[in-house]
Amino acid sequence: MCASLILIPFISVLVLNLPIRGIKRLAFGLAVFLFLLQMAAVLIPDPAFWKINHSFCANIFNFELGADILSKVVLFCIAMVSSVTLFSAPAFIKNSDEKFNFINILLIAVCGMNAVAMARDIFSLYVFLEIVAVSSFILIAFNRDMPGLEGAFKYIVLSGVATVLMIAGIALLVLIAGSTNFSLVHYMLITQNKSLIAGLAVGLFIVALFIKSGLMPFHGWLPDVYTSAPAPASVLLAGIITKVAGVYALVRIMVSMLGFSVSIQSILLFAGAVSVILGALAALTQSDFKRMLSYSSISQVGYIILGLGSGSVLGIAGAAFHIFNHAAFKSLLFINSAAVESRLGSRDIDKMGGLAKQMPLTSLTSVIGSLSCAGIPPLAGFWSKLMIIIALWLVGFKSYAVIAVIGSVLTLAYFLVLQRKVFFGKPSDEFKDIQEAGFSLSLPAIALAILIVVVGVLSPWLLKGFILGFVPVLGG
Amino acid sequence: MVSGIFAVLLFAIGIYCILATHNLIRVLIGIEILIKGVTLLVIAAGLKSGNLALAQALVITIIVIEVVIMTVAVGVVLGVHRHTGSLDARNIRKLKG
Amino acid sequence: MFLDILILILLAGAALWTVMCRSLLRSAIGLALTSALLTLMIFKMNAPLAAVFELSVCAGLIPVLFISVISLTQAMTKQEVIKHMKSRLARFWGLPLVIIILGILLGLVSARFRAKLPLSEVEVDPRLVLWHLRQLDLLGQIIILFTGVFGVVVLFKERKKSG
Amino acid sequence: MMANPLLLTIIIPLLSGMLIFCVPKKLEGARSGLLVLANLAGLILAVILFKQNLTYTLPGIAPGLELSLRLYQFSAFMLLATSLFGILIALYSVIFMQGKNLVSQFYAYFLFSIALTNGAFLADNLLVLLFFWEGLLVLLFGMIAIGNKDAFKTATKAFIIVGVTDLCMMLGIALTGHLAGTLVISKISLTLSPLANLAFILLMIGAISKAGAMPFHSWIPDAAIDAPLPFMSLIPAALEKLLGIYFLARISLDLFRLTVNSGLSTLLMIVGGATIILAVMMALIQKDYKRLLSYHAVSQAGYMILGIGTAVPVGIIGGLFHMINHALYKSCLFLTSGAVEKQAGTTNLEKLGGLAKKMPVTFICFIVTACAISGVWPFNGFFSKELVYDGALERGWIFYFVAVAGSFFTAASFLKLGHAAFIGKISLENEKVKEAHISMLIPMIAIALICTFFGVFNQWPLNNLIQPILGVERLEGHNFSGFPKNTMLVVLTFVVLILAILNHLYGLKKKESGLHALDHIRYLPVVSNIYDLAEKRFFDPYNWGLGLVNVISRISFGIDKGINWVYDSLTPSLAYGFSSGIRKLHTGNYSVYLVWAIAGMLVVFGLLIFA
């Protein structure tokens, strides 16, 4: 039944484009409904739903899909960030035709991401990664302004190279394993002696997904893309697209297909640590609101990869939790930046100041988002970072645990800079008559802030079950 | 084996092209050459391991995806041309820092 | 075997020419040529279905796409061409050298990359594989084609000039 | 889960504190009501929980990390004491804070402090303890900082002093965990070894600095002036003392088995003795009501440390009894000073005088608690001090002597204080002073009554509250309640008190002023020099630190500035330098990005294939 998570959004795109009068007006409501449905479906633990061949469709459709707790976390994030994006879109896209196109592309991207989350075949994973990538190209260039086109082109080039590397890896897997199914490949990789070709294939996948997830030093495209994309698109990109297309795919491939070895772990940990530190450092002096957030994204992705690199159940649970947290607080912060941008028409934080008075909601929610990102208890971000750091420590990568802590301090530092420049400090005369952002931007921000606080406060009670849920993920 | 070597060579040519050229269309051509190399690799791998049917199925999908990516990319390049009046890749270095 | 290597060398040569030739138009044609040679190679490797696709789409459609873009954009003036040629030469002269050296190097180390191969399966029809085992990919193809359609709608649509 | 009573003791004040932030400014009544209600709930909860044994383990975050809370005799008693002070001081501050700035912040911090203190008492894991302990540090900063305009400086001073000692404690916790192999407090029982000694000293520094002993005391008198008054009677006088001595008792009784003849015991006694005498000497010469009290708060902590440091049952019982007694009368004394400040507008003793007629209830409360602190029979201070004397005598006459001398000076300075503030000529400005508001009086009266009760019926608190902490086994069959058995000591105590009165009368005759009744001690030949230095803050380790840094900075280009430079310039400029360096690398050229990616790819391949 879980195939319906792919089919239903796609079918709704088809239906929306049927030449029926007035059907376009349904788009917004339908999309909201679908996303809420998806969140509900993830939260309702009906094992029958997640079985692959459940209904009558089994005779016609034969999809290789599967969902474990890792997939479910990501599926939830996809629906969450997409609905937030959807709500924020009307503030920026006024034209009704364009809005319709935006919703269609959003639905297709969601469809692709859902498939990525549930794929159990490396080539299918690649196909849907490409769907996500193409739809994000279109979203970045959606306004067809010069920065958007520039960002889109850079993304196309780097993503194209990553794609090619990934297909090369798939080709090598076909050569040595004769299949592209996760479990078959995993089996073949274990039984076969570690040949050079296997090593090469692993390297190709790692590099391809490093590029897609924007780890240093493969990250060049990421700040440009996040900065240049239209505000709702950058919420989607930063919140979920690169996380699914890069980070989740990497975690999935490592866990289900490639398995861990000392050299792979050291590569993951090193790249993660470099991203954590350099990303945070680079964020420190940015003057563009969104650009600062995008370097912060690089830094946070570093944490996820550190958690993955620990190779333990706790670390991967922490990574998955951090994916969720990152989706929550980073889309919250991008929504905040969108709110500021929509009111001020500028993203230059050097020119802002004292907006806390004029935009109290935006200010408050951004403080919550920043603190969660910096890992301040009891917000949600604290727990995932704690899990990652403890996992690193327990496995024995103590120096990396220390780096993770230092990175957290740096995170706090740049968010303090951001808060001081934007929301506190001296109000600038230029923006005296600014009002709080509209309903469509405040509502998602408030919802996300509440989610962060609630999840953070409830974490001590929920985490044990959550972590135990990851034992089969790593075992199988 | 020989196909593998030539796939790597095509890869090198494509990367060199992307790095050295100043023309947006030629960047896309570079990416195309990368994909050519990788298509060759997939077919060769399928032939060598006796999974040619699978390999062909994969290649067909890859080609479809390739076309779509190229279409979108061309759309982006045309957009850039509309703004700057040229295809010079040096025009797209505005975002930095 | 000899014929294979010859085609492959021609393929690499065509790719080189595509990258290095002066005119953008010829580059696009070179790409078509490269694709055609690749088609030949794929056909030689007993993969006729993929070969047909490669020929029709990659050797046909994509170069046409590029050529149409090139014709939509205006060509450079003569002075620009001359200036451009000099810098092109400076940038591209290393490529053949790199390729030859890399080829020799790879030929030397390639012996180390020997895979233990699983037993060959019985030959099956790729169409059956595609339709029966890889339905998800087919769905993906359909979706990505739709994405492409939206891409065209969004990116190619002439917008009212708003400045 | 959420309804676990142990968690409730932390969560109720925490949530109500947060709620207070949400209450709009206009609804002052709602805020005050919330404050009082939350404290009342805490008191009820503490009474219900009293005499229960409970443990609660937070759901695991990681295997091997057991975050647990534990309620037993000792912590239940501390919980009760905390909530008692909480409700009384809450009632008081509702009136006192009327019309002041940042009231909601103060109320919220108040409740957060209660929550964190409860958490620290309940913690059964050193990490949990540390968490609450550090939280209190932050609150301490916040609460001082919302005082008058110099408060920020004082807050920084307090933050640095307490922060440094907390750092010591952190190291101690790490060392203890290393030695014991666990961080669960109830599972740790270490015998003394060189390393364990070090761990003990580190933990002790944390504990006694919380209790406000010398040489970590110097922020308290400053805070007395700058911080809001209810803060003084809540934090340094009550909660921090309770917490510090509680932790000191835990480490010397449970975590480490402190033996009579160990060097650590002597060390503790020396710290205690020095604190008693030095702080009380400073108290003697103070001319400000609150400042004088705060030096006594330091000095009295010395008795507790001395008592626990003796490591003999009578001393420990005395120390613990003194802890609760001190918390009682010192918070009441601070409350009287607050009443005076609120009514007369100043706490400067030069400007006060003759308030006894105007504020009779306050005066009576003052008398009772001053007698208690001076150790006058039959108030509670008498009994606990006798126990401490007994213990000190058992370990050496010098400690006894110091303790008794401290008692002399305590009595002397309170005679001076009482005389200067309440008796004597009334100044013109104070003609119209009225008695304080009833809700400020109730807490004072209540505490004064408890002081008397704990004295006259000392069997009850000793048998029900204090002695069970040590347990029958370690009491070795003794029972310390009732009138002291050592008649010699009692007589000596009375002699000392009479001497103090005589001294006061002598000074009074000489100077004819209550305020200057002790000036003859102030201007004794050697003593006067010491005092001069002390008034210039010569003995303040914080100032030593500053002085030291200044001296060295003059010699070697300024370590002070150097450190500042490292923090203010070097680290940020390094970070910013790196940052702008990284920014410059991002040229916006996709080829550069691609080159990075390819280079990274080659490195990855190299690692995977050749490693």
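For clarity, chains are labelled A, B, C and D in written order, and residue numbers in each chain start from 1.
What we mean here is this: a contact is a pair of C-beta atoms (placed from the backbone, for glycine too) under 8 Å apart; a residue touches a chain by one contact, two chains touch by 3 or more.
Predicted model only: the values in this text are computed from it and were never measured.
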{"item": "Third chains touching both subunit D and subunit C", "value": "A, B"}
{"item": "Taking each chain's C-alpha mean as its centre, the one farthest from subunit A", "value": "D"}
{"item": "Chain pair, A-C or B-C, that carries the greater number of C-beta contacts", "value": "B-C"}
{"item": "Centroid distance [mean C-alpha coordinates] between subunit C and subunit A, Å", "value": "31"}
{"item": "Mean-CA-position distance for subunit C and subunit B (Å)", "value": "6"}
{"item": "Separation of subunit B from subunit D, taking each centre as the mean of its C-alpha atoms, in whole Å", "value": "71"}
{"item": "Whole-Å separation of chain centres (CA-atom averages), subunit A against subunit D", "value": "48"}
{"item": "Residues of subunit C engaged with two or more neighbouring chains", "value": "113, 115, 117-118, 121, 133-134, 137, 140-141, 144, 147-148, 151, 154-155"}
{"item": "Residue numbers of subunit A (touch at least two other chains)", "value": "123, 127, 130, 134, 137-138, 141, 144, 153-154, 157, 161, 175-176, 178, 196, 200, 223-224, 286"}
{"item": "Where subunit B touches two or more other chains at once, by residue number", "value": "14-15, 18, 44, 46, 48-51, 54-55, 58, 61, 65, 68, 72, 75-77, 79, 92, 94-97"}
{"item": "Interchain contacts (touch definition) - all pairs", "value": "A-B, A-C, A-D, B-C, B-D"}
{"item": "Contact footprint of subunit A on subunit B as seen in their complex", "value": "7, 11, 14-15, 18, 24, 27, 31, 34-35, 37-38, 41-42, 44-46, 48-51, 54-55, 58, 61-62, 65, 68-69, 72-73, 75-77, 79-80, 82-84, 92, 94-97"}
{"item": "Touch list for subunit D against partner subunit A, complex", "value": "1, 58-65, 575-576, 578-580, 582-583, 586, 588, 590, 592-594, 596-597, 599-601, 604-605, 607-609, 611"}
{"item": "Residue numbers on subunit B that touch subunit C, as the complex places them", "value": "1-6, 8-10, 12-14, 16-17, 20-23, 25-26, 28-30, 32-33, 36, 39-40, 43-44, 46-61, 63-68, 70-72, 74-79, 81, 86-87"}
{"item": "Residues of subunit C touching subunit A in the complex", "value": "112-118, 121, 132-137, 139-144, 146-148, 150-151, 153-155, 159"}
{"item": "In the complex, subunit D residues that touch subunit B", "value": "583-584, 586-591, 594-595, 598"}
